C-alpha cells in the first residue's frame, strides 16, 4: 500500500475544508493568547491553494508537485508567523517526496522534513507552546508506527493522533515563542492555535489516506 | 461589531485605495501584490527605506512614506504581517541603487516574512540591510522568549533613519543610525478597551468596566497584567518609570517624548498623559528636548496610549528637525 | 467611564497645560482666565483670528493656533462654550492693531458668550468682527430653529481666513473670505457610538449594537434619526448626498473634501469613507482638488465621521495651499 | 411685609444648594435632549457665586447688589447658553431692585425684568421649549397674586408654582430654540433642563421668603 498524488490532492482539499470549518475556533484560540487572526490567515491561504489547484492546466504528477504548490501559495497569501512556518514545512516536505508513490518510510520522511522546516525557520524547541508541540509527537508516533510495520494510512493515523495529543498538551504550557510569549504566565491554560491547526491538517492527511 | 467598513475582507484594500487617492501628491500604490511607495519612484543614489507589517496601526507605515522618511511600505492583512511576495517588490521599488534598509518590528511573522522577502530581493540584485525594532519594555525575560515587540518607537526609527538617508548617508551609516535609535528607545503601553479586528468580529479581549491592561502590544493582545482603573497620573507613572528605568536614564540627558494614542483616545487625554510624563522626566533631571503627541502607531479603535522615550544626542536631534513630508508627519 | 484622566474637573486645565508644554514653540497660555495664544503675541499690523468653544473637540481650536491660522483660542469647559471674561482678553491678545475676527460656531451659548466678549473687547478699543459658522446640513428647518450648527467646516474657515490674514488682508476682507467659506461649506456626520463627557460619567446617548445615529453634532447630542448599521459605502452616500445636494453642487466644480473623524474612529475607516465620498463626488462631475482626512473636529472618543465639502475657487485654493504652522495642521 | 437683602442672600444660598443637589438630574435631562452639561454648568456657577459672597469684605447692602454679584459671576463661570441667559436675567433684575426693601410690586418687577432679559438675549418666545416656558407662567402667576393683594412671599410662591407648571408643560413641546431643536421631533417627550432649573431657582426664592 502506497500513497500517490491523488492522496496529496485529497489531503490538500480536506485541509482547506477543515481549516475553513474551524476558522472561528482558530480565531478564538488566537484571540485568547495572540491576535485573533490564525483562522482567518489559514482560511485565506488554503482558499488560495484550492483556487490555484483548480486553475492548473494539467493535474500535478507527483506528491511533491502538490506540496510545492501548497508551500508557495501559503507563503504568498497567509502572512503572519504561520505563513512562513507552514510554507517552509510544505517546501521541505516537497523536497523529500519527489517520487510518484509514498510508502510508510516516505510518509515518515515527509513529516520529519516538515517539522525540521518549521524548527529551522521558527527556532522553537518542544515545550515552548507552538505548533512544534504538535508536529514533534506526530513524527514520533509516525516513526513508531512505521517501525512496527504499519501501512502509510496507519502511519498517518498515528501521526494525527500524536498531533492531537501534543496539541492538548500545550494547554498547561507557558509560551516562550510566538505572540503568546508576550503574555507570560497568562499564556498558561490555553490551547495553542498553531498546534490545533497542525492537528486538523494531519487529521486531514490521515482521512485522505483511507478515502 | 460597529465599523465604518464594507466587506471585512476588503478593509485593507479599500482603505489603502482611499489613502493613496487622498495623498496622490506623495504616494502611489502597486496592486498585486499590494504595496505603497513614493510617487515618482525610488530616489536615485539615495538609500531606500522600507517598512511594513500588519494593517490596523495606521498611520504606520504608509502614512510615513515621503521625503525624509520611508520610500515604501507593505501593508499586510489586519494585524497580520505581509508576505514575501509583497515585500520583495517593495524593496526593489525603493532601491535607487544605494541599497535598501528594511525596518521590521520584532514579531515572528514580520521577521520571517521580511527575511524571505529580503532574500528574494537580493536575488534580484537589491542590497538589503535589516533592523529589528524592539522597544516594548512590557515584555520581560525577553532573552527567553520571542523578544521584545516593536511598537511606537518604530516611528522614531523611520523618521531618524529617513532623515539620514535623505541627507545622503550610505546604507551602512543609515543602518547604524537606525540601530542607534533602536538601542536608545523604549516604550510601554496601556489599554482601557480592547479593539475589534474586522474579520474576528469581536473584541480582542474582554475587559471589565473597572480594569485596564498594562503592557499591551499593538495587536490587541492582552497585556502583561490587569490592574484596576486608576488616575491618569498614576498610570502614566507606571509606564514612564518602566521606560526610563529600562533606558537607565540619567540626570542631564536630553530626550524625545512621544505620547502615542492607540486610535480611540481623545487628544485631550493624550495631553494629560504627556503633561505627567514630562513632569516625571523632569523630576528625574532629564530634559524633554523634543515631543510628539498623537495617534502614530495605533491598534484600530483601541482606547489607550503608550509612552515612548528616546535618548537624544545632537545628531539625532538634528535628524529629528530635518524636513519631513509625509501624510502623517510633516514639517 | 474609562478615561485617561485625573479629577474630571481638571480635564480641560490639565490637557491644555500638556498641550502648551508640548507645543511651546507655537503657543502659550494665559491662566486666569484661560485662553491660548501664539507665542510671541499678536502680529503687528495683521488681522487677528480668534476662535473658541467648548472643549472636547480637539484639535479644534487650540491645535490650529499658529502662522497661517488662528492667533488665539478660548477653550470652555467640556462641551460648554467659554465665558465672556475669557473671550475678551483673548480678542485683545490677538489684536495687532488691525482688528480681530471672531470665528464662532453656531450654538446659542457660543454666540451669546462671544457677543458679550466682543462687546467687552470693543470697550477696550479692539475692533471685532464676527462670523458664525453653520455648516451642518443635518439641521433641517433651520430658519425656525436655533439654526444650523457649526461643525467640522470650522477648520476650513479658520485655515482660509487665517491665510488671508497672514497675507495682509484687512479686517473687512478677511471677514468676507471667512463668510465666503461659510457660504460654500456643508457637513453631515454619523455616530456609531456615543461619547462620555467626564463630568457626566455616562455616554451621551444609548445606542444599540446594531444602530447608528445620522446627523449628529459634535457635542454628543443624539442625531436627527437612527438607522440600522449599514456598510460604509451606504452611510457615506447618505452623508455625501445630503451635503452635495444642499450645496447644489454642479458638474465641473472643484471642491475640497474633508473626511473628519469624531475621535475614536480608526484612520483606516476614515479612508474607506473618503474613497466612497470621492467616488460619489466624481460621479456628480465634481473634481476633488484638495483633501483632508483625519481627526480635526472631534467629540471626545466618539466613533463616527463627518463628510465636509467646500466649493473651491482659485483664490480659496491658493489660500488653502498657503503655509500653515500649527500643532495640528502644518505645511 | 417686604423682602430685604438678607432674603436675597438666603435665596442665592438656597439656589446654590438646590442646583447642586439636583446636579445629576439636570445633567440627565440635558443628556437626553442636549449635551449633558446643564447641571454641571450651574453647579460650577453657583459654587463660584457662594465663594464670592463669602469673600466679600462688607455684606451687600441692597437686593440689587446681591443680584449683580450673581449676574457677573454666572456670566464669567457658567458658559454655554445658560450662563449669558441667567446672567442677563440677574443683571436686569438687579437694575430694577435698587432699593433696600421689595414689596409685592417689587417682586413682580424683578421677575419681569429677569424674564425680559432672557428673552432679549435668547430671542425665544413661549412654546419653544426653553427656560422662557418656566419664566413666563411664573411672571403671570406673580402678577395675578400681587394684583390680588398677596404679600411678597406669596407672590414668590405663586411664581414658583407657575414655573413648576410651566416646566412640566415643556414635556410635550417640540423644541425650536437651543440645542434640543437639533433633535426635531425627537425633542418631544422630554422636560427642558433650563425650565427645570428655573423651577428650582424660583422655588428657592419662595423658600427663602418664608424662612
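Just so it is clear, A, B, C and D label the chains in written order, and each chain counts residues from 1 on its own.
Criterion: a residue touches a chain if its C-beta (ideal position, glycine included) is under 8 Å from a C-beta of that chain, and two chains touch if they have at least 3 such contacts.
From a predicted model like this one, the values you see are computed outputs, not experimental measurements.
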What's the fewest number of moves from subunit A to subunit C, given that each move must go to a chain touching the current one? 2
Farthest chain from subunit B, comparing Cα centres? D
Cα-centroid distance, subunit C relative to subunit D, in whole angstrom: 32
Based only on mean CA positions, could you tell me how far subunit A sits from subunit D in angstrom? 75
Let me have the rounded angstrom distance from the C-alpha centre of subunit B over to the C-alpha centre of subunit D, please. 54
Could you please state the distance in Å, as a whole number, between where the Cα atoms of subunit B are centred and where those of subunit C are centred? 29
Connecting every touching chain pair, does the picture come out as line, ring, star, complete or other? line
Residues of subunit C touching subunit D in their complex? 33, 54, 76-85, 107-109, 112-113, 115-116, 138-141, 144-146, 149, 197, 199-200, 202, 204-205, 217, 219-222, 224-225
What residues of subunit B sit close enough to touch subunit C in their complex? 2-7, 11-12, 14-19, 21-23, 55-56, 58-59, 63, 190, 192-193, 209, 212, 229, 231-233, 235-236, 263-275, 278, 291, 293, 295, 298, 300-301, 303-305, 330-331
What residues on subunit D touch subunit C, complex-wise? 27, 31, 34-37, 40-41, 44, 75-85, 121-122, 175-179, 181-184, 186
